[in-house]
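Look for subunit A in each of the two complexes below; its partner is subunit B in the first and subunit C in the second.
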Partner chain A sequence: MDWSYILAVMVTSAFGLQAIVFGLAAIGINIQFGYTGLLNFGQAAFMAVGGYSVAVVVVEFGWSFWVGVPIGIIAAILLALLLGIPTLRLRADYLAIVTIAAAEIIRLILRSVTFKELFGGSDGRQAFADGFFALSPYPDDAAISIGPAVINDQQLWTYTVGWLLVALALLITWLLVRSPWGRVVKGIREDEDAVRSLGKNVFAYKMQALVLGGVFGALAGFITAIGAQNVNPDVFKTDATFFAYAILILGGAARVFGPLLGTIIFWAVFQGTDVFLREGIDAGLPIISLMDGTQAAVLRVMLVGLGIMLLMIYRPQGILGDRRELALDAR
Partner chain B sequence: MHRRILAVLGVLFATFVALVAMASPAAAEGQAVGGKLENRVEGVKTPVAGVEIAVVGDGFQGTATSDADGVWRVELPALGNYDVTINVETLPEGVALTEEDKVTIEQVPVKPPLFGGLKTVTFPLGQSTATTTSLWEQTAQLTVSGLQFGLLIALGALGLSIIYGTTGLVNFAHGEIITFGALATWTLNAGFGLPFIVAAIGGLLLSAAFGWLNNAALWRPLRKRGTGLIAMMIVSIGLAIFLRNLYQFFAGAEKKSYTEFAGMAGLSLGPVSITPTDIAVIIISLVALIATVLVLSKSRLGKATRAVSDNPSLAAGAGINVERVITFVWVIGAALAGLGGILLGFTQQVSFQMGFQILLLVFAAVTLGGLGTISGAIFGSLVVGLFIQLTTLIIPTELKNVGALLVLIIILLVRPYGLLGRRERVG
Partner chain C sequence: MPDSTSTSGTRHDEAVRALASVPRVPGAPKPDPILVVDGVKRSFGGLTAVDVQHVEIQRGAITALVGPNGAGKTTFFNLLTGFDTPDTGQWLFDGKDLAGMPAYKVARLGMIRTFQLTKALSKMTVIDNMRLGAKNQIGERMIPAILGLWKSQEVAVTEKADELLARFKLFEKRADFAGSLSGGQRKLLEMARALMTDPTMVMLDEPMAGVNPALTQSLLEHIKDLREQGMTVLFVEHDMDVVRDISDWVIVMAQGSVIAEGPPDEVMRDEAVITAYLGGHHDKALTASGVSYTEEASQ
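Up next, the complex of A and B:
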């Protein structure tokens, strides 16, 4: 059992690619669910729209990577409008069902043979991020080693941009929620009718929150596409959405830094558990070595599910949250 | 409304029984594996002779060649699992496997004979070029499979809908109850070696018990704490992720089949070819749905259920024990979902995520018919099932679920209270 290796994995995961991607996705959900009370269960769709936009624009149309970015953002905005128009006037559970259905629709289309020419079917699209790496200020031989893990110059550039985006998203969230806009959406979360009776256009505010959170989801899609140099439909399963929810609830919904803290802890523990179990299997530890590697990987997802349940039941405000502010009975 | 949906189900049932009575099944005896090779072209079946089939397993190797009637049979030395392979090169001109991955059917379980001995294995044969069945025949075939799928969705949707109606919970873990029924049955059947019928009854009872446990261990305490509906919805997502991975942890990711009734030869009902298992699936789900609707509309407990759905406080005030009704609803709902899973195990095999994969269609059906209504859930399910199958005439099969989910979104745009729901504010 190599504890220093496990520790190194935990540290690199806490600040690695997944932490950035799901941090951004969770920040988006924080605006929608935490502040406005909208149950977007289709954040994976927004991530897919972002990731596939940059990939398809480069691979299929041969345009610059940087054309893909605005296209991805516009596509995310359109998707939010499309989902919001039929559902935002209805009860919360309708938005939940429609968004999760939309995420499945998009994933099925992305992996279909019918659209393989465009999206690459279940293989997805690879090698499209050269335009992004061309701007890297780091020399080719730049590398940081944390224990046994080595971060190369491309990863370093991805992480730099990723964390800058996280910082930007957090800044936007912080500015928004202490503005009049933030007070209105929090009011909508608490009592929609009260806000409506004050003459506010509830529908428009909800739509703005849905769009903004969706755009943050698309940013998460860009980073996962760049970091993995690959997009494929299975990255954007519904589990991705619920990992982001787990992160948000863990860190604390309706708190600006909730998603940040959540993503750091979540990925450190999630990947730490993985290597711990694998090491334990190799070392022949009692009980643990009864599992095989696949079961170990399944076990930690199982624990995520259990974690969501226990958090929602015993500490719905998460680590940073304030129970008085967040009854979490949103609409 | 109930009377109308009962009438629809009743007519379906009667038509079906009449059609089945006209078809003729066949059975054989012995400890053997065998089957009948038939080339299906435009619904007409012609036997395929002279095709080699190899059976391998447990140190045994045997081959057989199909005779003039297309029948082949390999006598086996012992019970166990066998791989059955068709030699594609011995197929005559113009005949091909219609499903390319069915060259070898792996791990065919041969168990003690209980329902008539011979373990049948069917290879799907058809014209080597694209199918040329007429539009009318395709439509008829798809209508039957659509109805069957719709009835299976309805078994899930009815439970989801009455649980929602009485407790307000949108249960994202309902798909995992469907999976539970199938996995429990498969475990009893393949794991403990029980005959399928016994295993299925066991799976049904275990599903009902699982529903009771869900309510007693999780949802009732949460209701007592006054947990909000949104919070409960997220808890149900956690539960779904937990259960799904728990299933995979213990049962693995591969798809499994029950040890009996797999790969039966089809019967011809006019233009439609249908296997005896498909017929059983349709009849059992129809009976279960009719019985449930009758119980809900006639019995005291059923009436109490509808009273609680309408207005829990008023029902409690009228002396109805609301918690008792909710327990009843969970048991019934889970039993129906479990039954759906057991039957779905025939049409799509058993896997840890079968319930999860059908859950969105169940949601689509429930929303389409009107969230919380009994007849709406059944009606919506039949529409979704038929829609999914019939649209494959126009759109690629791999995208058939996309169409159904798109319809869900469009329906919400024009009739958010569902096709049969009461016109009321849901915002």
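Up next, the complex of A and C:
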């Protein structure tokens, strides 16, 4: 058992690409679900819209990567409007159904043969991030090693920008939720008729929350695309949305830093268990070595499910949540 | 027979004087109506919940809307305030046509309602509930909220909220979650919160339901106070003693329609009203004999 290797993987995962991507996606869901009570089950679609915008703009149209960024943001805003206009006046569950279906439709369009020319079908799109790395201030030979893991200059630049985006998204969240705007959306989460009766345009607030959370989803999509130098429809499956929800609930919904803490812990544990199990098999640990590598990979997903169940039973408010708020639900 | 009730105040005298010559018939025209309703009808499937031909509400008066359970009072409130849409009908508030207007716009025009089932926002503090009521807050727009341009306005809003909380004896509770308040305190909070919007007309759906007698007394004083401040009050109430105590005018609904109107004493002697309430032959007036309809089950 190489404990230092396991530890290194945990640290690099806690602050690595996935942590950034799902942190951003979860911050978006925190605005929508945590504070406003909107069940957006289609965050993967917003990520896809962001990722594919930068990819397609470069690969198909030969434009700059940086043109893709505003296009991705505008596309995410349009998607939010498209999903929100018919559903936000209806009961909360309608949005959930529509967003989950829309996310699948978008993914299937992205991988369809009909649009293969544009989106590259199931292969997706590659090699579009040069414009992004061109701005990197780090020298080509820059590298950080954490134990046996090495982070190269491109990763370093991606992580720098990624964590800055996370910081920006957290700052915006923090500024908003402590403001009167935040008060209105928290009111809507609890009882939208009460808020309406006080003269607030509930529909407009829900739409703003949906759009803002969707834009954060698009940012997550940018980082996914850059980090992998690749966009691929199967990265944006509904699983991605549920990972973001798991992270939010783990860290604590309706807490500004909930998604941050959630994503760090989630990825450290998720990848940590993976290497632990594989190391354990190699080292012939009792019980664990009865499995092979494929089984171990499945087991860790089961452990995540178990962990979330235990969390919901013993600490439903998440790590940072406020138990008092939940207890009041029962009244 | 007491010839005067405990109702007091100069605005009360004004209202009584203004309404003295109004004929005691359903749909009677008022000298200075703030709200004029015409042909408002709403049915649920086969059931006609509301079918009001014509009704007017006098400005600056306290008008009680009474009627047996299921008479359509709450539905009527919902229709007037944009929380429900009528099949047909129109109504003018302060000369403005409200038909088809969304609820939040109705509220912005100054017609504010409370709910039969109290809607205190329990996961927010009492003071935040109050602040939410204030109108035209710059910090409720996204960009100014992010830029923090709302701080000074927040101070003014909080000051106003604290004043109202003190008036409603909730000041000590200001930092508590609204969910920790008692049922009666929530009624008080909901009313105080409505007042944060500086309404011209307040519509209260059973403000006294579930409130203990001591608190009822102070709630009644608050409602009379609204009239003294120049607001128009329309409220639904089952307790006839309360109705007699504070209202200048009473409108009686039964099976969706207005069946009688008049000053409290006269209305309660009205044969049609007694029949509607008791469903049979009765020769007693509705109060004094102690027949009251305080409803707590709905809580």
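The rule we apply is simple: the second predicted complex is superposed on the first by the 324 of 331 C-alpha atoms of A that agree within 3 Å, B and C clash if a C-alpha of one lies under 4 Å from a C-alpha of the other, contacts with A are read in each partner's own complex, and residues count from 1 in each chain.
Just so we're on the same page, a residue touches a chain if its C-beta (ideal position, glycine included) is under 8 Å from a C-beta of that chain, and two chains touch if they have at least 3 such contacts.
The structure presented is a predicted model; accordingly, all values stated were derived computationally and were not measured.
Here subunit B and subunit C are compared by how many residues of subunit A each touches, and B touches more. Touch criterion met: A:Val184 reaches subunit C, while subunit B stays clear of it. Shared-chain residue A:Asp193: touches subunit C; no touch with subunit B.
Within the superposed three-chain model, A:Gly50 lies out of touch with both subunit B and subunit C [touch as defined at top].
Once the two complexes are laid over each other on the shared chain, residue contacts for A:Gln208 go to subunit C alone; subunit B is not touched.
By the touch criterion defined above, A:Leu175 lies against subunit C but remains apart from subunit B after alignment on the C-alpha atoms of chain A. In the superposition on chain A, A:Gly318 contacts neither subunit B nor subunit C. Within subunit A, the residues touched by subunit B in the first complex and by subunit C in the second are 328, 331. Interface of subunit A with subunit B (complex): residues 37, 39, 83, 85-87, 89-94, 96-98, 100-102, 104-105, 108-109, 112-114, 239, 242, 245-246, 249, 294-295, 298-299, 301-302, 304-310, 312-313, 316, 327-331. Of all residues in subunit A, only 172, 175-176, 179-184, 186-187, 190-191, 193-202, 208, 212, 324-325, 328, 331 touch subunit C in the complex they form. Subunit C makes touch with subunit A in their complex at residues 81, 83, 102-105, 107-108, 112-115, 119-124, 128, 131-133, 135, 137, 139-142, 145-146, 148, 150, 154, 177, 179-180, 193-194, 196-197.
Touching subunit A in their complex are the following residues of subunit B: 170, 222, 225, 227-231, 233-235, 237-246, 248-249, 253, 360, 363-364, 367, 371, 396, 398-399, 401-402, 405-406, 408-410, 412-413, 416, 426-427.
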